[in-house]
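What follows is subunit A paired twice: with subunit B in the first complex and subunit C in the second.
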Partner chain A sequence: MSQHDHGAQPVILPPQEAWGVIKSLLNPVTYLKFAKEHPILSLIFLVGVVVTVNRFLIGGLAGTTNLDDNNPWGIWISFDLLCGVALAAGGYTTTAGALIFNIKGLRTAVKPAILTAFLGYAFVVYALLYDVGQPWRLPYPVFWSQGTSSVLFEVGLCVMLYVTVLMIEWLPNFTDWVGMQKISHVIHKCTIALTIMGIVLSTMHQSSLGMLYLIAPHKMHPLWYSAHLPLQFFVSSMVAGMSMVIFEGTISHHYMHSRMSPEYNRDHDGVLFAFAKACSIILFGYFFMKWVPIAGENKWGYIFDGKYGLMWLIEMFGFIAIPCFLYAVGYRSRSTGTIKAAATISVLGIVFNRFNVSWFGFNIHLRPEQQYFPSVQEVIVSVFVVTLIILCFRFISKYMAIFSDHPSYSKGHH
Partner chain B sequence: MEFHVYHDQMVYSKAAAYILMAVALACSVVWWKFLTGKEPKKNDDH
Partner chain C sequence: MKRRNFLGLAGAATATALAGKAQAAGGHSFDGYPNSYGVLFDASRCIGCRQCEMGCNKINSENVTEPWTTLPKKDPKAFDEKGLNATARTDASMYTLVNKYEPQALGGKTPVFKKAQCMHCKEPACASACFVKAFTKTPEGAVTYNGSVCVGCRYCMVACPWDVPTYEFNKLIPYVQKCHMCHPHIKSGKTTMPACVKACPMEALTWGKREDLIKEAWARISSVPGRYLPHVYGEREMGGTNWMYISNVPFAQIGLREDLGKTPAPEMTSGALGLVPLVACLWPVLLGGIWQITKWKDERAEEDKQKAVAEAIAQERAKAGK
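So, the complex of A and B:
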């Protein structure tokens, strides 16, 4: 069990002071102060702004990226979108566990998980603005020209609806903070409906992201191409989401310990054990789910065939079997350290899998000089987006009641 | 990367997939025992 001091209730500013904090965001002095205290984050932010100006006002896609007609989707899709959506799956897995399956220990993980998911999805959409040639046309497929036979249309529609659902689920944290409890009460009455919508929409678009690649059987390496891709994407998203909640919770627990109420600190280990058991079971199934198409489509020969075979084996054993075993050992022996290690490996494994499907194992028929490698500016944008997510998470959890119940509530609300 | 699928090969592949699924099912029983073998009793504070 945790050796942490359970501490006192964190201080939540009264509404009048909350508005003062919001006003201070409009004051440049706030940012200068922040830059002095956090020079590295500020440098990343500054470089990100320069690249953003270059992308939208000067160089465009050609002057910013290594994308071309052979490789129209690059690291912004592989990392920002595919990894971002998978790792933000903690929102639906945690709400499903806590509010639908009524696992009591998970209650305290709901608000941080919803915040992580909301920021994750919001910044997926933000990153997409960089990637789409004419970003102002992003709403076209939903409002003007519905391509109802397209998988991408379904992904777009689901992501748009799910971002809205997540925003509504997160909104009570803000309205409580600024003293608009009436709005919070209305939203709390819709909690179950919102949770069910979140699960349905996530199930649909997590699998559809895998389905997108079914259109390119001749571009993908056979080890990753499979008719089971949608199922594999959906199942792995559950592990990604829960592992990310453990990973993010561990970092929050370390750096924002003083913002956590005694109840949140006490329940932290319970969340770890519940998710470790679930992740171990799901990873076990996922491991065999990846072998079945190899047998069914007779692809054994590719496993021992060069670097792709090696990468597939590393993914299967290093990033699926090992975390599966570590989660089980951590759960059995009540070792939070082992569970945290398993969560870190799982998060890296999901990134590796999505990179294999959409980048390393994609367009393999091209000549080496035609293969895609991201430009420095593409990588900077991805780092910039991650930095923005961290800054937003830090700001929101510093001021709003994310790791505690808001003082205006009696015990028992979500 | 081309590979040709013949009828016999397809039958054997399907059979292999079903055998693999049976192995997975057997392993899952062992895995479940291992995972829950030392599970604390219900009145524990988990």
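So, the complex of A and C:
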């Protein structure tokens, strides 16, 4: 087991100073100072703004993307939407474990997981503004003309509701910080109801993202097309969520150590082991789940057929069986390093799977020269969005009590 | 209003609402609108002159009703080349185009032409996929698009098995474009049948009621044995379409996919979508139950622990008392 310096309680600014920090956000000098200290982040930010202007005011979709009439969906759907939502699943998995199944050791992981999920979903919606043709109409499906037969309607409705739930779940971090404990108190009373809503909505839209593709069997490779896609997307999202909590916890530990309370540090390895065991079991089930439609629909022949078969085998063994095994070994030998490696592979595996479904294995009926490949500007937007998430995460965890209890809660209050 | 009155009214309203929907619960099946119109294309008659494309461009660039039904006016010379190569496809500036194929079935040198446009499915994938109901299957047979609600998600393009809907990627306020079988122009009296059908000099296109077209198609197939393949493309494909094809060469060799099957697109997602409300109903009860049980178990464990401690203390005290 790795040794941690459990350290002292992190400093949380009193409310009056918190408002000062918020006011400083309105001052351009704050940003110039930040730019001087972080030139690379600032450069990404600047380039992202330029592409944003091009997308909305100058070039439109044609001037920024490689999308065309044959390839209506590109990397903004494959990565920003499908991977974004899957990797933000830490919110519902962690809250389910800590608050519904009442696993005591997970409590300190709840706040960082909710923050990651909230930012993840908020920026999924933000990235969608780039992708849709008329982003100002994004509320139409819910408020104006409801196309209830559409899977995308279900996705849209659930994501909208879930962003709201996550926002409310996250809000106490902010209201505690600025001294509005009354609001926090009201929200805390609703914790279980919010958690259950979050799990219900997550189950629905995580699976619905896979369901989106059920309407296009003629465009997808048979190894990935299956009536089980919704189930596969949901089950793999649990692994994605927990692996991301481990992955991101490791990074946070590196950069945010001074913000972590002794309780957080004490429980940190426990969270790792609990999630490692869970991930190992779920990946084990998921591995066999993926064989069911192959056997049921007699698709064995495709497995050893060309590059798609190879890609499927790489996904199955490299990105599902191997992390499953590593998680189990890491749990048994109490090796945090092995678990972190498994988490990294799992995260990459989810990205690989979502790309296989929505990009590599999609539109395979087209001729090679018609196949989609993202433009530089599309990739820049995706990198830009990830950067924005990191900047927001940094800011919030730098000032608010994310890795600790807010001082206004007396000892043993929970 | 008294509370009881209000409740009574609310109850009556619920009962009415339920009664209105009761018949829908008895199973759902849709065989397409009766008496809907469609078009039959005969590949053996088409000479690739592209008069249909010209007619389409003319009527849809001159009789603009909505911003999304505008096609840019094209120079007649643009239609000079006889049939575009087999790889060309429609874009947002056109609703239809004629492809030229040199099918193996005729030795690979003789050209065969095919007109491509929206197939006007009986149960359209686009309409089922659209999350703002921008597409309508009209009782007259056309699948129309209402751009005033379109968000531009392009799920219709993903869903369409024939890759029909196109998008104005180069515009800052873009819309989807696709053939509407001249539905607005027929409605306004501008024309009596789709402009492409009217423009065809070879009668390769026939306009009529779908039922009649199917009879006509089979009549042609049986009248000259061996001339046509015994298959009306669109009679059953994806649940049936209002635009249908007969051909003297295999459909796959003139760019029409033969692997699409007969299942209407909406059926591919309706089963899975039907499970969603189950999750919404079952999950809260199940999770709420789990939460109660874990809480109860924790409380019991705590009680047992305290009881055991108290007993131990009492025993020790009793021992010490002796």
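We adopt the following convention: the second predicted complex is superposed on the first by the 410 of 414 C-alpha atoms of A that agree within 3 Å, B and C clash if a C-alpha of one lies under 4 Å from a C-alpha of the other, contacts with A are read in each partner's own complex, and residues count from 1 in each chain.
Convention: a residue touches a chain if its C-beta (ideal position, glycine included) is under 8 Å from a C-beta of that chain, and two chains touch if they have at least 3 such contacts.
Small disclaimer: the values here were computed from a predicted structure and weren't measured.
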| item | value |
| --- | --- |
| Touching partner for A:138 - first (subunit B), second (subunit C), both, neither | second |
| First, second, both or neither for A:332, with subunit B first and subunit C second | first |
| Touched partner set for A:280, first subunit B, second subunit C, both or neither | first |
| Superposition-derived comparison: subunit B or subunit C, residues of subunit A touched | C |
| Partner chain(s) touched by A:186 [first = subunit B, second = subunit C, both, neither] | neither |
| Partner chain in contact with A:32 - subunit B first, subunit C second, else both or neither | neither |
| Partner chain in contact with A:365 - subunit B first, subunit C second, else both or neither | both |
| Shared subunit A contacts, counted only where both subunit B and subunit C touch the same residue | 218, 365 |
| Interfacial residue positions of subunit C with respect to subunit A in the complex | 87, 89-92, 125, 127-134, 149-155, 157-159, 161, 163, 166-175, 257, 259-261, 265-266, 268-273, 275-276, 279-280, 283-284, 287-288, 290-291, 294-295, 298 |
| Contacting residues of subunit B [partner subunit A, same complex] | 1, 3, 5, 9-10, 12-14, 16-17, 19-21, 23-24, 27-28, 31, 34-35, 37-39, 45-46 |
| Sites on subunit A touched by subunit C in the complex | 56-57, 60-63, 65, 67-70, 72-73, 96, 99-102, 131-135, 137-138, 140-141, 144-147, 149-154, 156, 192, 196-197, 199-200, 203-204, 207-208, 211-212, 214-219, 227, 230, 365, 367 |
| Residues of subunit A that touch subunit B when the two form their complex | 105, 218, 221-222, 270, 273, 277, 280-281, 284-285, 288, 291-293, 295-298, 328, 331-333, 364-365 |
